[in-house]
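Each in structure tokens, the structures are laid out below.
Shared between the two complexes below is chain A, which has chain B as its partner in the first and chain C in the second.
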Partner chain A sequence: MSNIVVEARNLSVMRGQTPVLSDINFEVRKGEVFALLGGNGAGKSTTLHTFLGLLPPQSGEAILFGKAVHSDVASVRSKVAYLPEAATLYGHLTAIENIEYFLSLAGIKKSSNEIVQALDRVSLQKEAHNQNMERYSKGMRQKTAIALALLRETPVLFLDEPTSGLDPVAIDEFNQLITSLAAAGTTIVMVTHDVYGACQVAHRIALLRRGALVGSFEADEGGKIDTETVHAAFAERAAS
Partner chain B sequence: MTITKMIAKDEWRYWWRSKLATSVMLVGLILIAGSSILTAKQMTDAAHERAHLQSEAEEAFFSQPNRHPHRMVHYGHYAFRTPPPLGIIDPGIDAYTGDSIFLEGHRQNSAMFADRQASSELAIFGALTPALLLQTLAPLLLVLIGYNVITREREARTFDQLIAQGMTPLKIMIGKGYALVGVAGLMIVPLFVAIIFATLDGEPFVSASLFMVGYALYLLIWCIGIVLASTMMRTPSASLGALLAAWVVVAILIPRISSNAAVSLVDAPGKIETDFAVIEAVSKVGDGHNAADPAFTALRANMLQQYNVDKVEDLPVNFRGVVAGAAEANLTDILNKFAEERMQVEVAQANIARYFGWLSPVLGIREFSMKVAGVDLETHHRFLRETEALRFDFVQSLNRVHAEKLTFADDANRSSNPEAEKRTRVSAENWKVLDEFDFSSLPANNRIENASMSLMKLVFWVVLLLVLCRFVGRRAL
Partner chain C sequence: MSMFSSFTRELRFFLKQPAAIVLVLVAISLSVFSVWSGLSEVERQQETIERLLVADAKDRAAVLAKESDYGGAAYYSFHLTYDPPSRLAFAALGERDTSPWKHRIRMLALEAQIYESDTANAELAQSGQFDFAFVLSILMPVFLIILLHDLRASERAAGRHDLLVATSASDNNLWRSRAFVRVILLSIGVLIPFLFGAMVSGASLLSIVSVLGIAIAQILFWSFLCLWASARSYAGPTIASGLLAVWMLTTFVVPAMSDAFIEAIIPAPEGGDIILTQRESVNDAWDLPKEATMETFVKEHPEWAEYAEINRPFEWKWYYAFQQVGDQSVADMSEKRRAAILKRDKAAQWFAFLSPSSLTERSLTGVAGTDAKAAMHYQQHVRNFHGSLREYYYPLLFKGAAYEAITLANLPRFKALSDRK
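Showing the complex of A and B:
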């Protein structure tokens, strides 16, 4: 049985009349961390939005668990947790309320204890748990959103610039978290322009430029991708 | 709890924690509740006052001393219309047309004592009726509360987060719609209480319930429209702008355009023009106070022939009374003809204005509300017709007394002969010809039937917006 969980097959996407993704192909296996690296406007977030069913493909297919996303969006979404670039949670709610609300919408029931544990796992300060999120810094919001994504316990995680706004210590903690989740079998697709961060956690990296894949790198036997190589390729081929 | 209810509950939590939304809701509730209490008190007082004035007017008429019957024709009588039970919510056109008529011989007076003409400047607050507030202010408050239900989510990008949790745009729209319907429900609580009072005051349950349903449908239209606009627009400011523009169009512009269109399409003669036409027509029927008026030559000849006598003095009835009766009948025919023409023009104009209810739910609910409450133009016309029938009946009854209980000689000489004058005074018992006047609303079934077209307009809007929601919901990503 194939263990391919996420697959882009000749995927092209338009926003209005503008092509954003052009005939891209990649596969992500179970328990793999796949990073899409690219500059601004490369089409990274568009790729995730297409896999979430937020954008229809112009041609080709976005496939999750062997099923075209657009053939059964609801079923696919139930297997995916998504962490958007800007942590999109409600300012009028506390971190705990936000998590409770979004989990309940996804039909998931978690105890307060489990929610607090998840917030601790992402290192959100205790005193912030019951404050309205409108007072949160960008990093605190991001941590809450990560906790929400973790609590959904989905087999696939889509992360859009997940370390944006996090301090260096939190980034390290986050990278460890990603590594442990992948080791536990979670498939992770992250899009980022942080070459260093991607090389720290990803098993494979693909470079995206103006909607087209322009390079890819795989981890060596030690499980690492050479940062210098990727950085050079990114500077040469993907940065725009 | 279903997902849509969860979304609605969260929206309520957002409003509760947002001071602006809570304040707007509170202001709306206070205004509608305050206006309901004030209008209910005003209308209840008016109902008691008019019932009291009606019985006082009848008592005053009956207690007049023995006198010449024609003096009673000119003494006149007042007829009052007590507001219907649902008038405590929607006084309808009463405030403009008046609710009392002075009935007298040889004239058809207009209704008078309209609040708008008779009140002090402070009465403008009285004009903020629950119906007006629910028809125009409540939608505006709903817009202010709900314009950003979806655009706020888009701007904060929580819309994508909701979608990522497995929501569909349509489910989100339904959840937000539920939340807004909850606000609308709060706004009609005062209406519900007022309707209970109206029911206790005699309004049948079926019409009272339908009245409530009509307003619920109307506010539902706004709730759906607000969610729809908020889904179609990309930013909160755009959805607010679009909704305020829509409110201005349907609540202010289309009603004005409908009136202008009605006046333009159905030409109504001016008052001065009509008054001259009436004077001209009336001048041809002769003066009922003058039995020698050439207009009554034929009548005289007929009567002399009928009773086979040579002189009017020999007739078994007082010819002056007969002339008064005949003149009143002729005059009334003419006045009724002009009145009917005027009423037909008014109805034709109103019907044209009502077509615009298909374009504006504000006009739809206005028509529905007045028709179910029994305060519409047609009811006012019925009041005019019934009071005219009362006037004609009592004037002609007095003219019959004039003809049958007085002799021609005494009547003709009463100015020069004090004894004759005494004999022309008839007993006050004769004043009991006046019927008691009690104007009542049409039965509930008739009112509901009359309101069915306006109800259709409201249903049409609900269906149209729901179809649009379904369409937009599929393309809202």
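Showing the complex of A and C:
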């Protein structure tokens, strides 16, 4: 019981006058990878925003480490690293400068060695490390943002479409990275459109449609979820 | 996280933003230029005074050497009166720009001499000088608006807002320290040239501290307004337009409307009318029976009653008596004008609370002694000096003393209200 890290309890969220999430329930345990799947506008990003304290729940609760997010937003933010959907960092700064800046926002100081190691881990090419990011491709920006999230060394990762923009090799590497982080105890909530990748790495997959959970899949003993099943369910239930 | 570390973080961040740096540099240059132009204007005024003082003494000596009676001496000798610029005048030229701070007067009817160079409605006119007061009261809000309006909106537009907020331990702290760095750098940049100017001109510590206090109040007002606006979830240009609208309204529209309103409800006789009325009185005197003039004169100055008889076709005492009667004829108008100007000034002070820029400008000219009150004070000082000329000459003229050049050394000398305040 006590190892539940992320929990949605009858969570409903409005954006303006429109209900975007209605009565969502799920649990993610320590060291689990939880993947949220769903069509465009289903409410996946909104779910992450709510857990980050960027949006207030209309009713129900978003709970992290047993505490309602909105009762102590600052403590939640110190335990969660976030990879936004369209990860944009400062174009006039290099990857290293950007990472230094964002880490210092979180009150973290890393040596440039450690930063370079993290950038290597997401295989951002060496010659780009000291280039201003306005000259980065989408995938390079994505890699930098992932490196930033890793460097925060938080117990929880919220990743919004982490593989978007990544080439196939980088996606494979990323999936391995996620698996090893989870094995080391990091709890990961991931929004993705990559059904295949999700089935590879996730311990649990939830299908979201128009703000409601319409399906949930658990990994078998082999640690995998059957891609075909999820695909079929997605086509049948989640496509908007 | 400590305030200091957020400050140094945001300072380093700021120093990598060319656009913001350029804006601060522009503000610094404008402040430097305003201080320089204020200092050189003050220097020009001082040089003018010094030059005129030398010429004034020389002219009078030359005139007096030629004259052989008191009437002629009084008629031909001019006296320089002036109000030297205060040590802070460079920062806020105020009324010195629009109303006269020097006159050359002689013992003729005075009011026309005072108003000759003062026909404009100077008491409410906005200063046209590019001085430090202009930078602080008019331009500073614009710099603050440009630097602060899109603190959040620009990050939202760039898609970084959520990451910034989710990453920082306290996002309020983030926005505050970003704003703080910008406001501090801008303020230091704008205020240091002023401090330099104040040092050069030898302003007192108290007056410098007063100006800093006024500056801080103005900066804080606009900073908080901009911060409040920047926290709204509108797009950057929308927020900027809103703030600029407030700036234009309070800086230009409100003062213009309140000035028009004040002028309408507190009428003041025009300086030009005072001049005309007095000239008429003086000109008419030539055609009037001399007894009539002397009677009017004696009514106000009974001490000369026993000397008021005029026997010859031209006598200086009659001449100066009708000059003074000219002053008497507009004394009421002039008094009304002075009272109205002070009343308008008081009303403008109240209206200034609707306009931070006016309030700043007025406070600065108040500290610098360049406001309407100071101008009125100087004008009154000129009247007093002119009065002392009459006090000096009248006994000599009316009692018909024999001309003795030597007594002119005792002529009243104009002393400025203060050498430099």
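Methods note: the second predicted complex is superposed on the first by the 239 of 240 C-alpha atoms of A that agree within 3 Å, B and C clash if a C-alpha of one lies under 4 Å from a C-alpha of the other, contacts with A are read in each partner's own complex, and residues count from 1 in each chain.
Keep in mind that, in the parts below, a residue touches a chain if its C-beta (ideal position, glycine included) is under 8 Å from a C-beta of that chain, and two chains touch if they have at least 3 such contacts.
Please read all numbers here as calculations on a predicted model, not as lab measurements.
Peer 1: Quick one: chain B and chain C on chain A, clash or fit?
Peer 2: clash
Peer 1: Could you look at A:L55 and tell me whether it touches chain B, chain C, both or neither (first, second, both, neither)?
Peer 2: A:L55 contacts chain B only, not chain C.
Peer 1: After superposition on the shared chain, which partner residues are touched by A:Y90: those of chain B (first), chain C (second), both, or neither?
Peer 2: In the superposition, A:Y90 touches chain B and chain C alike.
Peer 1: In the superposed arrangement, does A:A106 touch chain B (first), chain C (second), both or neither?
Peer 2: Touch partners of A:A106: chain B and chain C.
Peer 1: State whether A:A183 touches chain B only (first), chain C only (second), both chains, or neither.
Peer 2: neither
Peer 1: Taking the superposition on A as described, I'd like to know which of chain B and chain C A:A235 touches: first, second, both or neither.
Peer 2: So A:A235 meets neither chain B nor chain C here.
Peer 1: So which bits of chain A does chain B touch that chain C touches too?
Peer 2: The answer is residues 49, 52-54, 74, 77-78, 80-82, 84, 86, 88-90, 92-93, 101-102, 104-107 of chain A.
Peer 1: Across the complex, what residues on chain B touch chain A?
Peer 2: 1, 3, 6-7, 10, 13-14, 17-18, 156-158, 160-168, 477
Peer 1: Under the definition above, what is the set of chain A residues touching chain B in their complex?
Peer 2: Listed in rising order, the residues are 49, 52-55, 73-74, 77-78, 80-82, 84, 86, 88-93, 101-102, 104-107, 132.
Peer 1: How about chain A: which of its residues touch chain C in the complex?
Peer 2: Counting only chain A, the residues touching chain C are 49, 52-54, 74, 77-78, 80-82, 84, 86-90, 92-93, 97, 101-102, 104-107, 145, 152.
Peer 1: Note which residues of chain C are touching chain A in the complex, please.
Peer 2: So the residues of chain C in touch with chain A come to 1, 5, 9, 13, 16-18, 158-160, 162-170, 174.
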